[in-house]
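Submitted below is the structure of interest, expressed as structure tokens.
Think of it as A, B and C in the order they're written, each chain with its own count starting at 1.
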């Protein structure tokens, strides 16, 4: 379990750092940094533990996770404003955290249920929810509605890890493959603007207009 | 239990379809469709299971629900843009899903606690939360703040089902009555613009202004 | 436990009242008042119970809490529009609710885990989450992004209560000290505009611009 424990702490610390950088962009006060660091750092894992059931969530059982978030929040409070390329840093740390957390989430889901479907979903959810929550409470446009690959990278990493684990590869190898898949896809999305094709798209009209008549040509 | 199981699958599939249609309006990519379909399809039931306690949520115990969401998401990905009246379809499917889910949620709450108050609340919550979550993550104006009957329809359906069940009507009849109440009210709201009276209303001032003095006439 | 039970009911009722006042500002209908009163009244405690694990949340075990929320919502429906200084009232009731709920949340967290870190976090979370949720669903600017002291007051109250309890002060005294700390800080923030220092701040650029080059001077 030591690789997974390391990934867990690393994922929490990296997402906490992105939360602190978001707080820095919003010019929040000291407690605002702690709040954003903790919410982003433990948000995804909290949702994962809640849906899997089985008692208190991970940071209630082991407050070390919270203390990591707070220390990271304090560090970013004193240093974040000095980083000229703060938003780029946030985005890249988020990519590494995403890679660590999708493997960790899939491992927990697979251990708890044995179902590969659940493992992929808990991996994706653990990795993606922290960033979604950070954007939501920071009132930034959600990563979900941007065209770049994000949830896809988390899902790919979780799927690769789950497949490799079911194929009985050793843990260090399946973890590395899962992380490489997630980080490779997300990094390509950040650097080259990779996105999935959208099939045939057609934008939605404003809700008011869309409820009015005159458009029922088919049906 | 077979009527309730059918309603559960139907509610999940219908809400998943509305999530896919929302993704289509937002021109998301393939994984975006899966994400919106799953979040909308299982969101309400997940919240219900969390507050009732008792271990893993329903889709962790039975991944069929997830697979339904994904299949519906894939179907809408390939067909949603072709529907000229996409938003009307979203709204009407949501109404049928609301009717199925308020009965299902009330039945689970009543079975778990025996309390009619809890049954009505879990029914309302199960039915309304998926749509609220969909609007929130799609960044659409929330149905909660629109004047139409929505939460009211869910509450009415849950209350009718709970009352009929306590009155020892057979399950098929109490389910039908509950669904008819919810769908009737919501359908009337969509088609005729039904809304509840608002008593004496007075709009709120912007928060900044409201904190300034000059208005303390009473008190 | 009677002091804590009283604080629990009081916190629920006060936050329910602020939810009702938010519904009044948004000119919602009757069911909208019930929904906002219940969501704001029980939101923080629900999150606390979920992360602590241990079965159904408090209002499922004891529906009295829901009934209090509904009665408060009905009362505000008939009276809220008559209050000229409705938003000021909302803010001050929220401050009293915050004080009651940070003590109650810390007491539950401490009883469940024995960890002071967890107690401070559950206290802060219980007190702050109801208001955050209310602002989110009412589509108001979140209190989190305003410069005033808010989360800080909840955290201070939870910390004072936890410290006093570990120092073996009697319950009535540690509760009073915790509430006084939270209400004093929050009240000062409302009345005098108290805020924490922000160290060296620098606003974030819009996300689009921040991803473009030309700014990588250090690194």
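The rule we apply is simple: contacts are C-beta pairs under 8 Å (C-beta built on N, C-alpha and C of every residue); 3 or more make two chains touch, one makes a residue touch a chain.
Every value quoted in this text rests on a predicted model; they were computed, and no experiment measured them.
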C-alpha-based rotation, subunit B on subunit C, 0 to 180 degrees, nearest 5 = 120
Which is it for copies subunit A and subunit B: same residues on both faces, with over half shared, or different residues?
-> different
In whole angstrom, the CA-centroid distance of subunit A from subunit B equals 26
In subunit C, the residues touching two or more other chains are 50, 54, 136, 141
Over in the complex, which subunit B residues touch subunit C? Could you list them?
-> 50-54, 112-113, 115, 117-118, 121, 132, 136, 141-142, 144-145, 147, 149, 151-152, 155, 195-205, 207, 210-211, 215-219
Considering the complex alone, what residue numbers of subunit A touch subunit C?
-> 24-32, 35, 38, 46, 50, 54-57, 59-60, 63, 66-67, 77-78, 81-88, 91, 136-141
